[in-house]
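Given below, in the form of C-alpha cells, are the structures.
Below are two complexes that have chain A in common, paired first with chain B and then with chain C.
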Partner chain A sequence: MLKKLLKQNIKTKGLQIKPGLKAASLDIAQISDINSLVYPLEDAKLNTYIPTVSIGDKVKKGQVIAEAENAHGLKILAALDGVIETIDEVKAPLPQKITPALIIKPDNKKYWFDDVFFNIDVKLDEYPKEMIFEKIVQANIQGLGGGLFLSAKKILGSNIEHIVLNAVECEPILNCDEAVLYNYLAEVLAGGIFLKNAAKAKTITIVLKENKKDLINHISHFVKNNEQFNGINLATVPDLYPSGAEKEILKHVFNTKLTSAQHATDHGFLMQNVMTCVSIFRAVTCDLPQLERVFSVFGKNIESPTNLVAPIGVTVEDILAFLKIDSNKVDSIRIGGLMMGEDIVKGTSRKHSALLKSSNGIILNTYEDKEVSECINCGECVKACPVDLVPNKMFKAAQADDFNSSYLKNLSECMNCNLCNYVCPSNIDLVGMFKYAKQQKAMIQEEQKRAEYINNLTQKKIERTKFEKQEKERIKQERKLARQKRLEEKQKKEQETNETTA
Partner chain B sequence: MIYLFLLILTIAILLLIADKFLKTSENELVTKINDILPQTQCGQCDYPGCKPYAEAVANGEAEINKCQPGGERVIKELAELLGREVLDPAKEKKTPQVVVIDEDKCIGCTKCIQVCPPDCIIGAVKKMHTVVEKDCTGCELCIEVCPVDCIDIVQLKQSFKYKKVKVNID
Partner chain C sequence: MKPLLSLKNDTHKIMFEVIISLIPAILYKVYIFGWLGAFSLITLIATALITEKALSKILQIKSDLGDYSSLITAILLFLALNCNMHAFIYIMASLVAIGLGKIVYGGFAKNIFNPAMVGWCFVMISFPQYMTKHIDYNNSINFIDSLRVFFSFYNIDSLTQATPLTQYKHDQGLFDSNCMIATLNILTLIGGLYLIAKRVISYIFPLFISLGVIVALFTFDYELFAASSLFFLYGPIILAAFYIITDPVSSPSLVKSQMVYSFMIGFVSILIAKLGVFPIGVAFAVLLMNSINFILDKVFNKGVNYETK
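Up next, the complex of A and B:
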C-alpha cells in the first residue's frame, strides 16, 4: 500500500518535444558501398586508444586494431577485411573536438550484414553462464545506448537481480531502437535471457514509452506466444523527455532512487539498450563480434529519412552517397540525438567523419546560429530540470570558476539532458558550461589525488634518505669502534711484548 | 594575599592555554595551506618544499602566488583561506611534462637520484639511469645537476574536451 502511494507521488518532470521533422521508416536498410572505415583513436567518453597495427598491415574482419590506453579493456575492432591506410595522419571529428584517426581501406567495397535470426528450436537456457560471459568479452560488447560501458563489466557488477531492457528512446524523432524491436524482437529478448542467465538475475523487464501502442501490442503478443519468453515483463514510461535516462526509468518503473554516485548495478539492476542485446545474441550464438549498429538518419529537408545498419567506422560521405543525398546540400551534421547529440566541429571533412559506436543518429541540417543574450532570471531552466538543479545559478558559479560553490555541489546529478538549454529564452549554453565544469572538477580531483600520491613518494624518499644517512653513520661508527679496538689490541700486544722482552 | 596569588595562578594558566591554542592554530593553518599545495616538492617557490613554503605563507613571509605547479587554483584557494588578495601567478603554469634520460649519454653518477623529490629515477652507481614516467612531476630539478646534460623535457599531451562557454554580454 505504502509502495503504491509513494509511486503516485513521484512527479515525472520532463517535456514533450515535437520538432517538425520526419521520422525514419521502421525498416532497416543495409549500407552497400564502403570506401573507407575511419576509427578515431579516442571515443566519446574521452578514452584514448593505441593502435596495435601498423600502416600497410592487412587486417581481418573482427581483428583488434587498437586498445584503450587507460586499460578499461576497451578495444577497437576492424569491421571489414582490409589494409591499414593511415594512422594519426588525418583528424576525425568526435563531438566537440577532432582527434587523430586510423583508416582502413576495405579489400572489397561491397558490404553485407551477417543476419542471424533466432531459431525457435534453440534452447536458450542450455547455454552455460561462463560461456555466455566469455563470448560477451570476446565480442567486445559495449552499451550502444551511449554509455559505452562494457557489458561484461556490468555483469560482473554486484548482485544483479533484475535485467532491464531499455527501449524508451526518449530522444525526439529518433527511432532506431523501435526499428530494432520490429526487426529483431526475438533476438533482443534472447539476448536479454542470455544476460539474465549470465548475471544470475531473476527478472527481465522491457521498458517502452507508453504512447507506442502498436509496438507494445506487438511485443506482448510475441512474448505470450513464445514459451521461452513467457516470463518477460513489460513496463512503460510517459512520453516525456528524458524518461529514457537510466535514473528516470529506475525512479519511475522500479521506485528506486539513485544518488549521483550510484549506478543501477548498485541496486541490483542491469540496464541494457535493446540493440546491445542483439549484439549479445549474435556473439553468444554465432561468435560474431560487435561491429555494426543501427542508427537513424534524418533532418531538415531530408525526403526519405532511414534507419540504417552499418559497420562502426563508416563515413558520413558513404552514408550520404548511399542515401543519394547531395553532400553540397548538407550544411550541418549532428551526431547523436536532437537533445543530447553534438554538432561535429565545422570544417572537418565528411570523408573523415565516422559513425561512432555511441552514435544513435546522424542528423542533418538542424544547426542554427542562435543569438545569445544575458540571463533574465526567468527561472524556466529551473522549472525544466528533471533532477531539480538550479541551472542559472550553476552557470554563474562555473563561469566564475567557483567550483567549491554550493550550487555546483550536485553537479554530478546533471545528466546533460539539455532541457535547460532547450527552454532558455536567452539561448545560453548552460549544458556546455556544465560539461566544462565537470571536466574541471574532475581535473582538480585528479590533481589532488596525484598530489597525495607524489607526497607519499616524497615522504618515503625523505625517510629513505634519513635511514641511509643513519645507516652510513652507524657503519662509520662501527668501523671507528673496530679500528679503535684493533688499535687498543695492538697497543696491548705491544705492551705485552715489551713487558716480556723487558 | 591569597586572592592575589590565585589571580596570578589563573592568569598564568590562561596564558599557558592561550599559548598552546595559538600554537596549534598556527600549526593548523600550516597544515591547511599545505593541503592546498600540490606537494610536488619541486622548490620552484624558492623554498625547499611545499611544507616550508606553507610555513612561510602562514607567518606572512611569502606571497601566495609563488607555487608554480599550483597555478591559479592554488592562488585562489590560498587567497580565500587567508583573506588575502588574489594575485597573478609569479611564474606561468607549465603544461604537464616529464623528463627522460638519454641512456647512452648517462655516466651513472647518481646525482639526479639524490635530488629527485618523488624518487622516480632508477639506477645505481656507474649504471645507466631511467625515469619512471608515471611518477615524474617534471620539476626539472634533476636537469640542473646532471654533469653531462643528458636529461630532456618531454611535453605530455592534455586531453581537454570542453572549453568554458563564452557569453558575450555587452
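Up next, the complex of A and C:
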C-alpha cells in the first residue's frame, strides 16, 4: 500500500508553453500539385543511404530507391511514379546540415491520397499474426512520431504485454495527431489491434492530453459503441511539455521508470504513434506502403494554418504554393515542432528542402535572433529540466571539455527537449552544447574501446612470445638432457665393452 | 532559440529589476544620513564603474552585463557600510570589491565570492574603528561640514554613536530607540518581496537564513525575542537574505544545496557574533559558504540516481 502511494508520487515535470500562434484546423487537406520529390540520402540520425537506382530510371510508386548503409532494414521508397532526375548533384537542406539528395520527377503532377476506410464487417482478429508482421516489414513502416524506429523491430521485442498508442503531442500548437484521430479513429484503433495481435500483447492503451476533453469524449463513445474495440483503455497525461516523450508517458501512466540504456520494449511496452497505426492498418488490409504522412503547417503571420497529407519527399516550395503563401515573405522554415524542431539552414533553396518522414510540422517565420550573454547561474534550467539534470553545471563542464565531470555522468538521460534553452534568461544554447558533449563522449568511448582492444592484442602477443621463448628453452633443455643421457649411456656401453674385452 | 514566446525573464531585465527594487532603500538612506550619504553613494558607484571599465579594458574582458553587476555591487556596499567614513575608504571598498572580488577571476559571472562582501570584509578588517559607529542622525550636518568630514581625517567622534548591534554586543541589551534603521530594513524587505513576486529570486534563501538565525539564537541561549528583533530589524540579516546570498553567481543552483547554504549562513553569522569580536558575522559566513557551494552542489547532485549501465 505504502509502496503504491510512494510510486504515485512520480510526477511529470514540465512547463506549459503557450505561444501566440494560431493552431491548424482539424480537417486534413490533400496537397494537389507536386513538381518534384526530394529524398535526402542522409537522415537526422546520421544514417546514410545508398541509391539502388540510377539516373533516368523509371520508378513505380512504392519501389525501393535507396537502402541504408549501416542500419539494417531502413529503406527509402518512391512515393509516386516517375523518373529519377538527379542523384547526389543537388544538396538538400536538413536541419543544421546539407546533404546530397535524390530527386524524382513525377509523371503526373496531380496527386491524390488513396483513402482506405475501416469496414465494420471485417473481423480484425482473423488476420494471422505472421501475415501482419510480414506486411509491416514489406510496407517499410517506421514510427512517425519522430523516432523513426522500424515498427517490425519493435514487435520482435520479447514479451510485449501492453500496446500504447501515443497521441499526446506535447509540442505546442501542433495538432496533426489530433486531426488524425478525428478523421481516422477507426483505422487507428484497428492498427492498434493488428499490433496487439502481431506482438501477442494483452492490452491496448491510448494516451491523450488531459485538456483535450472533446477528443476524449469522442474516443470513449466510439470505443463503447463498437464491439471490436471494446477492450481499449484511455489514459491521460497533464498538459505539459514534454509529457509526450516515451519515458515521460511510461513514468506517468504506468509508473515505470526507464534508464537511458533501456527501451520501452524491455519493460513489455510497445509504443506507437497514432499515425503509424494508420499506416499499419493500410499496409495490412490493402498492402499500401508507408508513403504519406500528415503534418501541420503554421507560423507567424500565417492566416490559414492547415493540416496536410502529402507524400514524404514533397518540397517546401510545393507546400507553400498549395497553401498560397508567398515564398518571398517566409524568412525561416522550421521542420519539426516549435520546441524540438530545428530551422533549416538559411539561404538554401526551398525547391530542395523536403518533408521528411519524421517531420510532424512545418513552421514558418519563427526564427528570432537573440542576444547571448553570460550564464549567471540563476538555476532556471535546473528547475525546468524534466529529467532532473543540472544543465548550467553540465554546460560549464562541457565547455571546459571535462567529460569525466560528475555532472556529465547522466548526460545520456538528456532527451534534447530544449526546455533549458527555453527558460534561459541569457539565451544560451545549452542543448547544442550537450549534443556536442554527447558526440565527444561517444568518440572518447570508442577510442577507449579501440585502445583496450589494441592493448589486449599486445598483451596477448607478449604472452605468446614469452610462452614461445619458454617453450624453446624447455625444448633446448630437454635436448641437452637427452644428449647428456645418450653420452652417458655411450660411455657406459664403452666401459662395459672395455670391461668385457678386458 | 526561443520561438515567439514572450520572455519571462531576461538577464538584463533581472539586473534592472534588482536595481529598481533597491531604489526606495537607497533614497531613504541618503535622506537619513544627509550629505555624507550622498557623497558615499556617489564615490562608491563612480569607483566601481571606473574600476570595472579600466580593468576590463586592460584584461580585454567583454561584457555589458558587468557594468550592471558593478552598479549593484556598489549599491549593496552603500547599504552595508556606514556613512561616517573618509572618501579613501569608500574608494578602497569599491576597488577591492570589483577588482579582487570579480575581475581577477575573469570578469562577471566567473567569480567565486560575492564581490560586495569581499569589499566589505576588507574594510571591516582594515578600518574596524569606523565600522562599529554611525552618524548620529539627530545632528544634521551641513554641506560644508560634510565635505570637510568626507575629505579630511577630521575627527567626527562627537557626531557618531555606536550602532545598535555594537551597543548590544558590549552592553547586552538597551538599544537605539530611533527607528530609522528599522525603517531602512523594512524598505529593503519590501524590495526583496517585490523581487520574489517578480520571480527574480527564490523564497528559499530568506526563509532558510531566518531559520538558521533563529536556530542559532536558540542554541546559543540568546533572549530569543529581543535578540531576533535586534538582528532582523537593526542588523544586516534582511539585506543579506534578499540581496547578498541570493546573488546567483556565487550561490548554489540545486534547491537542496540552496537550503543548506542559506541555513548555514544564518547559523554561522550568529556563531561568529557569539564567539568573535564582531557584532555579527554575516559577511564572513557568506564568504565561507561561497567557497563551498560547489561542493554542496556536487554532493546533492548525487541524489539524482540513475542506474549506470
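Here is the rule we use: the second predicted complex is superposed on the first by the 439 of 502 C-alpha atoms of A that agree within 3 Å, B and C clash if a C-alpha of one lies under 4 Å from a C-alpha of the other, contacts with A are read in each partner's own complex, and residues count from 1 in each chain.
We adopt the following convention: contacts are C-beta pairs under 8 Å (C-beta built on N, C-alpha and C of every residue); 3 or more make two chains touch, one makes a residue touch a chain.
Owing to the predicted nature of the structure, the values given are computational and were not obtained by experimental measurement.
Looking at the shared chain after the overlay, A:K97 reaches chain B, while chain C stays out of its contact range. Looking at the shared chain after the overlay, A:E42 reaches chain B, while chain C stays out of its contact range. In the superposed pair of complexes, A:Q399 makes contact with chain B only, with no contact to chain C.
In the superposition on chain A, A:M433 makes contact with chain B only, not with chain C. Judged by the number of chain A residues each one touches, C leads among chain B and chain C. Within the superposed three-chain model, A:G379 lies in touch with chain C and out of touch with chain B [touch as defined at top]. By the touch criterion defined above, A:K461 reaches chain B but does not reach chain C. Once the two complexes are overlaid on the shared chain, A:A451 sits against chain B while remaining clear of chain C. Comparing the two interfaces of chain A, the one with chain B and the one with chain C have residues 373-374, 429 in common. Considering their complex, residues 17-21, 259-261, 300, 334, 338-339, 363, 366-368, 370, 373-380, 382-383, 388-390, 392-393, 406-407, 409-410, 413, 418, 421-423, 425-427, 429 of chain A touch chain C.
For chain C in complex with chain A, the residues that touch the partner chain are 1-14, 63-65, 108-109, 202, 248-249, 251, 253-255, 258, 297-298, 301-302, 304, 306-309.
Taken in their complex, chain A has these residues touching chain B: 42, 46, 48, 96-97, 372-374, 398-399, 401, 428-429, 432-433, 435-436, 438-439, 444, 447, 450-452, 454-455, 457-458, 460-461, 464.
Contacts from chain B toward chain A in the complex involve residues 37-41, 49-50, 73, 76, 116-120, 135, 137, 159-165, 167-169.
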